[in-house]
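Both complexes below contain subunit A, partnered by subunit B and then by subunit C.
Entry: the complex of A and B
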């Protein structure tokens, strides 16, 4: 099993390097699909065969820097395995979408996407804080090249904003891990268990971690990079950023929060309030958008707010819910951005006002869109419902007032989704660009079906992701 | 006096003298180049094969494995500079033999400086390489900026030498000896010693272009020939930092200079990075960045003595190769010192663009390059030693630095069509440096002790 895990981690890197060295268009397409697919299948097989209890499994460990007691160590556990699968799945979608849209210098592009995939997977699977930090930063160069080189408009500014925000707040991650190293003498996640610190120091340490991850998620006062980076980058990259890279922050919090439950008792309400403000604020921003991609960007910003709020509630439901909802949100955000890209490709615009009266023209597209809108709105039986229930119950258990705020945000979320659906598909009479829209066929149909099936399956069987996650928390509590 | 440890310098200077005589008679550039290269490489070879290590105590000069490693790097880096200047200068000047002689003399001066165990030897070797530097900086006699650079460097450099001599006089008056070991016996609380050591450090801060002793650096870097700038940016720092490490662990053990170190290094970090932000000339930009990097490295002297070398030496090694790589790329491009010339570099030479990208990422401190590991190591150790504020400032400033380093990378990967000619010969140097920097980031256990 160890070999399988190494294969899953290393195949995107090898694929990326091969493409970079050979620089052949057709070959690079083949290799990029192949390496992502290998990674996805390997992770899936590993996910099906592992003990859903306890700490890291199938650990690969190579000695690296003995002076700091740091090894190159990757392992799977109940937390990071779903994220790893999500990353591989989303990269296949992103690669496919990129090949559909005409892109110059596609070899470099694909090799950068594969490198990005490698760094993100490395981030998710690393078992010590140092490696975690390295991958957190190593993800920056491929990401900013992708935004800058293949983005539209003023992508130079967008890429720089993204870079400076993320890089600047990595100070706090640095301070956090050095703090852990000082207190526990080692960089491993295990050492978080044995922190011998006063409550005040622990609070500062946790705030450092929170700030570093909050800019990645992002939470509202730190979201300045989001609009340009999401809107101006090519849609496959937007999909990747929103579905996978935003989750890096949530995963980081998920990793450290269980060890800081005493801190959350003290200041938890303030951070949750911040996340909920982010949730509602972004929902209001989304409410009056007429630009599809911008709407989805703000929708993504809004939803990660409640996921983080649930996580920080410190309850079992909240933690379960944020794990489940991250996966659900990844899949659904990817499908919504994919939708926007379909419209952009056919009508050359993201404008929603120039569409309408599509329900008879493109029945399959309407079916999928409606399914995703229902799912995102929290319809029982589809995936989002389960996560939302868990998150809300977590927040309510923490405080009724905060729970009430969260409910408001959820309600606004339904409103802008309905507006979106009405403006694009139902509004009569239709506008000029409606005539250009064609139905989904072929490979895109397959991708949407896969997304739909995942949504439905996770709606009916959420324990596939969260499973007996309680066991892990009992493990942490030991 | 132990002449055996001076063997590399003796051989290098002998060959260099032969080169000077042959070169002034025959004026044939390939002959001059290969003789000079063989001089420098024989220095490396002797150090590698014989590795002369002197015994304990009582000598004017003293070597140990770390110092020998630095000497190898000085001569090896000198070989790079020789190659750079051959491609930059050999067409433009007929005084190549003199240039190379000065260059090699300055290399051996720096090499002696790393070994010095006596204040007088320190002074002599500093003068040896500084005098060569003044002339090298003014080597374009026809160019006013080059003359200005040499002049400025000379005047301010002489001032710092006077300060150094003054501080040596202080120490001599106090201890009656000039050897570093005798400094250990000083009364550390006296105002007298503190004043003397501050003077001493100021003289070296000038050589390292630390703020507020940095005023010469940008103009000199801009005016000097580019290969000479590459020399200024890399090798003297290596020698002076190693010497300071020795002094801090031997002589200034008990003196509390932390306030001075904190002030100087914080000022250097702030000023270097902030002023680099708006530079359009890459040589000036790298000058400010070298001020900033000196500031980072200077914080290492806050550490307890056994950690100074293990923190500083890796940083110095990779700082050398980052500079060599960056200057190799700059020299390969026509008008490479202007940042606008980098537009669309990737369309002409992907190899150069990639090497520049790796080197610049390493300057910024982004993994998987060695720059990240060494910076992390430095900041971690300083943080653990209890100077969190300086570390916070340092990281904050290195985030600012991302803007001006990565701008070069952005330019070279822009889609603009580039129209300029390239010098292909230096590609090997650039790729070699970039490769080392990358390998150092992936396998840090080799140099982290």
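Entry: the complex of A and C
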């Protein structure tokens, strides 16, 4: 199994390097699909063969810096395995979508995407804070170049903002990691258990972690980079950012938060309130958009707010809910951005008001969009609802008032989603732009079907991701 | 084997819908016969549950456990069985009526119409057999979604506007009120399973009084298909739908699903003891009485045939909730039996409104002078239904109103009897003029109804339903036995 895990991690890197060295157009397409697919299959096999309880499994370990007791060490556990699968899946989708759109110098582009995939997977799978931090930073250069070089409009500004925000706030992550090392004498995640600190110091330490990850997620008011970075990037990169890279912040919090439950008892309500304000504020922003891609960007911003709020509620429900919802959100956000790109490709515009009355022309597209709108709107029985009920239970358990606040955000979410569906598919009369839209078929049909099946399956069996959570009604802190 | 029957009853019309879509407009006769066959199988499946239920067998099926305490499961009990019986039986009749109506008016998108109709029946049956709030919520939301194309069927400005209001109110209340109430129930009790006498323990009620009161209000307005005032305006707005839709969905399936779900919450989530301990009984009785009287008064002012029926429906839905909220044997009996009794009377009336529109192309009550001579079966059936709605003995409506009044006396609240009497007078005041105009007035223009003749596809189904108002009035035993065995 160790070999399989090494293969899963290393294959995107190898693929990226190969493409970079050979620089052949057709070859690079083949290699990029192949290396992502190998990684996906390997992770899937590993996922089916491991226990969703307990610590890291299938660990690969190479000695690195003995003086600091730092090894190059990767392993799978309940929290990072779903993210690893998600990353490989989304990479394939992003690569396919990139190849559908005309892109210049596609070899460089593909090798950067694969490099990005490698760093993100490395981030998710590292078992110590040192490696975790290195991959957190290593992800920035490929992302920066992808946005800058292949983005539209003022893409330099977008890429630079993204870089500055993440880079500047990663100093807090650095401080946090140094703090942990000084207090516990080790970089491993287990050492977080044995922090010998006063509550005040622990609070400061936690705030450092929170600030670093809140930029990555992002949480309002640290979302300044999001609009340009999401909107001006090529859509495959937007998909990757919103489905996978935003989740890096959530994953980071998932890793550290359980060890800081005493801090959450003190200041938890304030951070949750901040996250919920972010949730509702972004929902209002989404309500105003007539541009599809911006709508989905703000929708993404909105939903990560409640995912983080549930995570910080200090309950097992919230914790598992945020894990589950991150995966659900990854899948659905990817499908929505993909939809936006389909419209853009055919009508050369993201403008929703120039569409309409599509419902009879493109039945397959309508079906998938409807299914995704329903799922994202929290239709019971589909994947998103399970995450939603866990997150809301967690927040309600923390505080009933905050729970009602969260419900308001959820309701606005349904409004803008339904409004989107109405404007694009039902509103009459449709504009002549509608005539340009054609139905999905071929490989895109397969991608949407896979997303749809995941949505259905996780709707009935969320324990596939979160495992059997027996005693779901306990606080982990108290 | 028998525990799979609810699942069969639910899935048969989903299959039917798929077949209907596959056949499409190529072969309308085959398409409609699939509707009928699916309806008959569904009704058969529901009926064959009755003997087992009366023998006291436990019929329970768990399909999946989604999260701890959150199952997808079905259970058959008296309340659900009665609702399912009525809905599945009336679906068959409505299908025949729909054929006459839709072909008579040459409506567009008939495939979508019949497919959505079949799906909405699946949702209604799913609601009736749901064993917990989660399963019920799935089908409740599904019902809203699949009925949207039916409400907005005409796809004109009016239709889309009606559909918009319909979806906005129903989805919005379900998200804001219902979701929070359900999540809070889950948080407080760790389960969503229905239980006789409620799932909130007395201790829980004592410790969380305010929260549980708020949650009860959320449940009442979250299951907004019950159209309790003041959040009722989607129902008249949804009357832009074709008449068979208004008939089945807004007299039988959708609105009854609303009151059914509210009754479930009152009986099996809260339970009488908890409601009384929370001091909420008077509140429910008050808002429902208010709805009954106000909606009846509004109905009197409406000249549009379907609008008048719509407000009458709003009033009658509250009858059911008021009965259940009495928590006395006769009250609950009267309330629940009104689901069936009102269904047969009101569907007849909607059928009549539709038949008049198909044959005489008028929607206004004030223009109906003298139409009874041209459409005798139709207007005679309307007269029967009117008598039932008013609550004349030997008609279906009497059974429920009598038991409701008994219930009011059992809990010593005679003022409720006053509400029932006043509302019965109001019922008479807004329905009898229709009968009077149809039979005893001459049209101003003697040639007005010359070309009008009865459409038998419409007239026969509505005559059958009107006969049932008499049959159920004379032999109300089956529903009463079912409810009694549930209450024991």
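Methods note: the second predicted complex is superposed on the first by the 468 of 478 C-alpha atoms of A that agree within 3 Å, B and C clash if a C-alpha of one lies under 4 Å from a C-alpha of the other, contacts with A are read in each partner's own complex, and residues count from 1 in each chain.
Basically, contacts are C-beta pairs under 8 Å (C-beta built on N, C-alpha and C of every residue); 3 or more make two chains touch, one makes a residue touch a chain.
The shown structure was predicted, so the numbers you read here are calculated from the model rather than taken from an experiment.
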| item | value |
| --- | --- |
| Combined model on subunit A: subunit C and subunit B, fit or clash | fit |
| Which of subunit B and subunit C A:400 touches, first, second, both or neither | second |
| Touching partner for A:411 - first (subunit B), second (subunit C), both, neither | second |
| First (subunit B), second (subunit C), both or neither touched by A:428 | second |
| Touched partner set for A:322, first subunit B, second subunit C, both or neither | neither |
| Partner chain in contact with A:379 - subunit B first, subunit C second, else both or neither | second |
| Three-chain overlay, closest Cα atoms of subunit B and subunit C, distance in Å | 42 |
| Contact residues of subunit A, present in both the subunit B and the subunit C interface | none |
| Subunit C to subunit A touching residues, read off their complex | 64, 66-70, 72, 134, 137-138, 141, 145, 152, 155, 160, 164, 167, 171-172, 175-176, 179-180, 182-184, 186-187, 190, 211 |
| Subunit C partner contacts - residues on subunit A that touch it in the complex | 374, 377-381, 386, 388-390, 392-393, 396-397, 400, 403-404, 407-408, 410-411, 414-415, 418, 422, 426-428, 459-463, 469-470, 472-473 |
| Touching residues (chain side subunit A, partner subunit B) in the complex | 63-68, 104, 134-135, 137-138, 140-141, 144-145, 148-149, 156, 159-160, 163-164, 167-168, 171, 174-175, 178, 181-182 |
| Residue numbers on subunit B that touch subunit A, as the complex places them | 357, 361, 366-368, 372, 376, 379-380, 383-384, 388, 392, 395-396, 399, 402-403, 406, 410, 413-415, 444-445, 448-449 |
